[in-house]
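Next up: some structures, all given as structure tokens.
In the two complexes that follow, chain A is the common piece, with chain B as its partner first and chain C second.
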Partner chain A sequence: MLEKGRIGNFQLYLIILFIILPTAILSVPAVTTGIAKQAGWLAMALSLGFGVAMAVLYSIYFIKFPSKNLLEVGEMAFGKWVGRLIGIGYIGFLLHTGAAIIREFGEFLVTAVMPDTPLSVFIITITLLAAWAVYNGLEVIGRMSEFVFPLLSAATLIVITLVVGEFDFARLKPLQIFDMKVLLAASLIPSSWMGEAVLVTFIIPYVYQARKQSWLWVIGAIVTVGSLLIIITSATILVFGYAEAARLTFPTFSLARIISIGDIIERTESLVMAVWVAGVFVKITLWFYILVLVTAQTFGLKSYKPLILPYAFCLITLSFWLFRNIMGFFQYISTTFPFWAMSFEVLIPIAVLTVALVRKRGKETSENKQEA
Partner chain B sequence: MKINRRLSRFVILLVFFSVTITGCWSRNEIEDLGIISAAALDAAPNNRVQLSLMILQPPALAGGPGGGGGGAEEAAIIISAEGNNVAEAARNIATMLPRKIFWSHNRLILIGGDLAKRGLHDLDFFSRERQTRLTSWVMVSSGKAADLLKVKTHLEKTPAESLAQLNRSQVSLPIQVYEFLSALSTEGVGPVVPRVDKTPSLEAGKGKEEALKLTGTAIFKENRLAGWANMNETRGLLWLRGEMAGGVITINDPIHAEGYISVRIRDASRKLTVISEEDGLGLRVKIITDVDVEEVQQKSQIGNPQYIKAIEEAVAKEISDHCNKALALAKELRVDAFSFGAQIRGIVPDYWEQVHEEWDNVFSDIPVDIDVEVNIRRMGLRNNTMERKD
Partner chain C sequence: MRRFIRPLEIDEWKEKRVKKNPKSVEIAVDLKNFNLEQDIIKNEKNYRTIFRKCSDVVIRPFMLGKACEVGALLLYVDGLVDKGMVNNFLMRSVMLMMADKSDMLTKENSFKLLKDCVINIGEVSVVETIEEAVDAALVGECIFMVDGHTEVLVISVRGWQSRGISEPGTDSVVRGPKEGFTETMRFNTAMLRRKIKSPDLKIEVKTKGKFTKTDIAICYISGLTNQGVIHEVFARIDRIDIDGILESAYVEELIEDEPWSPFPQMEYSERPDVVAANLLEGRVAIMVDGTPFVLMVPTIFAQFLQSAEDYYQRYYLSTVFRIFRFFALNIALLLPSAYVAATTFHQEMIPTPLLISIASQREGVPFPALLEALIMELTFELLREAGIRLPKPIGQAVSIVGALVIGDAAVAAGLVSPAMVIVVAITAIASFSLPAFNMAITLRILRFPIILLAGTLGFYGIMLALLATLIHLMGLRSFGVPYLAPVAPLRLTEWRDILVRAPWWTMDSRPQSIEARDQKRQVSGLKPGPNNDREEGDQGDA
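Take a look at the complex of A and B:
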């Protein structure tokens, strides 16, 4: 096996959280609110529904094929060559999205905190740091997420609590769902974020405890992510109004900016930022890790470690190439990304699972016949 | 061998970190910064903007109150420059300022009346720029905003401090940058901004010097100043917007011919209901407030229920007078300064869809029924008024 480390179910839960959440809380509320207006939180709730549906899909992998990852199941279903083709597809998806995440991280820091520092400094340092973490394997990443999680959740909850005073519930009215089509369109973007949980189907065999119960943790993680996104989106609408929330580049960050309690607790955004950087670091590490893992598996390598450095340079370069500016990035996540991502998050997993299940049943029945 | 490898790794790390983490990339030493405490925006000819920045002078501030030695020096200097927009004007100031403009401590954005009348496009800068605060206060003056920064203030060191404190008084509608922008972008909400002006000094016998005073409210139609509300109309605005939080109301004694009674507002709430009538729509505003008796001049039995009822009615009448004045003003200006539009959008969205394009005209014709309920709850530490032996 490529990975000798093992993770527990709670670490699996945290890993799913970190695969999705760090960038989702930053940019998704604005995009969703821009489409769904004051019903932005409702669109988030809808995407939570889609997220749970996808989590159920991934859970079936845990239940039916507890010792295989998605690629192995794919090989079982379609044979070696098609299986490899699927692997190559995922390599493309992981490389592209991983680079986009790194770019978003850099763009955010340059926009909001350190405008004089070149983008390349952030991108190169975070990628090399992530490379080091990937080199240390899954167990280390799991423990890292255990360490960062309390910080990230505390920071998020503190920000929300401190702006409660600015809430104006009239901003959520009218509550009527004006157009289901609009809501669906708005929920597509957060849904594609939820579907990023597909990455865990590549680490199923490395969960050491009760793999049959892991699906509970998968669904639990999606519900946690969805609830947090609903809360954050509601908070930005309640404070800024939907029109202004959609006009802000990073509404969650702006929430931290308006905190002012008794002229003493002010300018908390730097603190929030520091914690967020830690969160995104874990996210980048996870995407990077799955990327090298999938590559090694697809091409039958004995170890993924030789791939780390070359991929680090690929990610760095690609993150510069992908977008000309931050507007291009937002254009991409609100138009192209949902469809590009959904094909790897929904279409391929469903196809692989269906064929694999049919074949498995066929095999079982023929075995039963032989026994009889 | 093993030790050698470890050692070489350690040395590489040491070199790497000593090169990369030696200091901050974009550091700003405090003595290189021009710390801004207030910004004033005025109209300049040819559609240009004049930006005046109040920059703190650290030595004077460090002197402390009554320090004597540093007393002669001003706490802050004011630098003005023109530009096509705020960013350009700020750059033009930077060419005169030996220090780097540092926005993070800016607490106040003061807007001149002329610029407000021309239309305000300039707050974008304050929410886009990363240093500026979304929580800076916005205020409007009828005259030139830059002149207000030059006023020598008492008690507080700079006009910025002084105005930020005035904003806490309960007879204004304080608004921060992000709230202003939110009001601009939200359907059926019009921004209202406190108005501040120069007034003769509060120190007796120093008629020449000036002080700053809240004089009402600037009512905006979209991003343009539509008109001014005086203090009584501002109270009406507060009541009708449901933002009244305190303050004192003084009325003529309802039973005695002369003398006044004051009550202090403890709690207030506003409820808006939409009533559909044959020809369109009507609004009913229900205001409920709890008040305490603050001062009584005439010899009266405060405990007498009839007397209390008479006071309650008189206070209610005073409140609805203020509301009606504010309403009349808003209707005359054709601006929904009460965010009624946003409320209607929430309650009857279908109707809102029909009228939202010409809401300001519809609003001017909508009948508004104001119903005020006043409850006197307490009378302070004295029951009857002071007795005179007559």
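Take a look at the complex of A and C:
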């Protein structure tokens, strides 16, 4: 096996959280609110439904093929060559999205925190650091997520608690509940984010405890992510109003900015930024890790470690090339990304799963016949 | 025509010199060239060759029997043996008591007679090779040979000057045992045995070091300590092949998991109670002769924040102080860099009145905050170093100079701002409040790169440094146990003895991370209270 490390179910849960949440917290509320207006939180709730549906899809992998990852199931279903083609497809998806995440991270720091520092500083440092973490393997990444999770959740909860005083529920009115088309369109973006959980189907064999129960953790993670996103989106709308929340590039970060307690704790956004950097770091590491893992598996390499440095440079370069500026990035995540991502998050997994299940059943029945 | 003489190569020159005067070259003694002989005269000659120019080795030939017909030989290292014992018991018994039995003495039975009937000393053994005999003499035994026999009698008369048991210099406590280990390993094992009076406490000894022949004792409690850890410790110690071991640090560096890590991967202590407690949790202790510092493996990070006294004071107090120490750890690592980052990049975080006062203080300071911090930290480190190395009276003078120079003159001269002095002072206090010196040093070293990153990238830089440190720590293992356990990987049941110190009656099981074979520490339900078993008539005045 490519990876010798093992993770527990709780680590799996946290890994799903970190695959989705760190960037979702930041940019999704604004984009969704931009489309759904006051009903942004409702769109989020809708996307939670989609997310759970996708989580069920991935859970079936955990239940039916507990010792195989998505690529191996693909090879089982379609044969070696088509399986590899699927692998190459995922490499493209992971590389592209990984670079986009890195770019988003860099753009956020440049726009919101340190406008005088060049973008390249952030992109290069975080990618090389992530490369090192990937080099240390899945176990270290799992432990990283365990360590960063309390910090990230504490920061998020503290920020939300401290802005409760600014809530104005009149800002939710009027509710355009019945415009389902808009709601669906708006929920598509957060849904594509939740579908990023597809990445865990590549690490199924490395869960060491009760893989058959892992699906509970997968669904639990998606529900956690969805609820957090609903809370944060509601908070941004309640504090800023939908127009302002959509106009702000990073409304969650702006929530931290308005905190003020007794003139002593003020403008804590730098601290929130620092914690959030840790969160995104884990996210980048996970994407990077699964990218090298999928590549090594597709091409049948013995180890994924030689791929890390070349991929680090690919990711750095690609993250510069992909978008002209931050507006280009937002354009991409609100128009192209949902469809591009959904094909890898929904279409391919469904296709692979259906064919694999049919074949498995066929095999079992033929075996039964032989026995009879 | 002039002739040029080619200068000699070093090897040629050496060869020439040896040829000229063969005696001038000392050759190391190879014990394989010597054998134990029956003839006592030959033996004496051999020993004199082996211990040539060793002024501390005493070789004493003498004669036994009625007519002084049996030759004998006594050899010991002066200073390592108890001379009173040698003179009053050994020589006396051999010379006087032998006279009673001189009728029975023949050349053939002399050895057996001496060993079994004459020598009145408790610990006696027989060795049959010259290597063993020489080794025995060098660790402080007396070796005894009789004419006509190739066996050597090794008589234990060890006794050398050593430091008495005193209160340990490190790890001092207000409440708790005041004895500390000493340099002599036997005393140390005795102190340990006095704490754990069980035959399950095993103390196995390995001798390492080509010249120093240092004893390394591996102590564990059989049936409790994880077998894998014991095997691993033995395997790693067996690998050691070095000329000398002078301190347990040698062993530590030769057996640790990640040699390039700046973090200490083994806890050490010079307190018998700490070592006993660690053994009872399922760890292995490694004692090295010649040093009071005993290593304990496997080690987790949290141990460096704990002090022996935590278990001797009330648990509320211990818990509070453990939390304080945790903050001290963060302050020692991060305060100067946080100050630099906040004043350089994130001024909006500082409350306005404070910001104004800091800015006015910094008005006359010519350096950026980064440089100011580095200068102050460096000065402080130098002062601390000077204070430790100098003799005590001068050391105090240095600290006075330091206090005046740093605290007053540098500020008055406008070189540094008063706020920076406070920051450096608090950092120093925090780093001194950590119980483990080796961890405090590591934090002090890591502080400098973090200050640099904070001065260039602000909080983002600090976060980068922290993440890098975390990745390193997450990957670290000490004898198979993850260094950051039980935080990552998460084991909540163990948290009762990490940042909090739960009362003893709640800690029914040993720490899981150590993977002791016997997880149960005590019967559950030990929570004390008024005794309910008493008969009703005993209660109350009625």
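Assume the second predicted complex is superposed on the first by the 369 of 372 C-alpha atoms of A that agree within 3 Å, B and C clash if a C-alpha of one lies under 4 Å from a C-alpha of the other, contacts with A are read in each partner's own complex, and residues count from 1 in each chain.
The rule is simple: a residue touches a chain if its C-beta (ideal position, glycine included) is under 8 Å from a C-beta of that chain, and two chains touch if they have at least 3 such contacts.
Source: prediction; values computed, not measured.
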- prompt: Touching A:170, do we find chain B (first), chain C (second), both, or neither?
  reply: first
Task: With the two complexes superposed on chain A, say which partner A:114 touches: chain B (first), chain C (second), both, or neither.
output: both
Field: Which of chain B and chain C A:335 touches, first, second, both or neither
entry: neither
Broader residue contact with chain A after superposition on the shared chain, chain B or chain C: C
Message: Contacts for A:303 in the overlay, against chain B (first) and chain C (second): which applies, first, second, both or neither?
response: neither
- prompt: Which of the two partners, first being chain B and second being chain C, lies in contact with A:146: first, second, both, or neither?
  reply: second
Query: Looking at the overlay, does A:317 come into contact with chain B only (first), chain C only (second), both, or neither?
result: neither
Message: Contact-wise, after the overlay, does A:243 reach chain B, chain C, both or neither (first, second, both, neither)?
response: first
Field: Contact residues common to both interfaces of chain A (with chain B and with chain C)
entry: 113-114, 117, 121, 125, 266-267
Statement: chain B partner, complex, touching residues on chain A are 111-117, 121, 125, 170-171, 173-174, 176, 178, 240-244, 247-248, 254, 257-258, 260, 266-267
Task: State the interface residues of chain C toward chain A in the complex, per the touch definition above.
output: 342, 345-346, 348-349, 351-352, 457-460, 462-464, 466-468, 470-471, 474-475, 482, 484, 487-490
Chain A-touching residues of chain B, taken from the complex the two chains share: 20, 25-26, 104, 127, 130, 133-135, 176, 178, 181-182, 185-187, 189, 342-343, 345-347, 349
Touch list for chain A against partner chain C, complex: 8, 10-11, 109, 113-114, 117, 121-122, 125-126, 129, 132-133, 136-137, 139-140, 142-144, 146-147, 263-264, 266-268, 270-271, 273-274, 277-278, 281
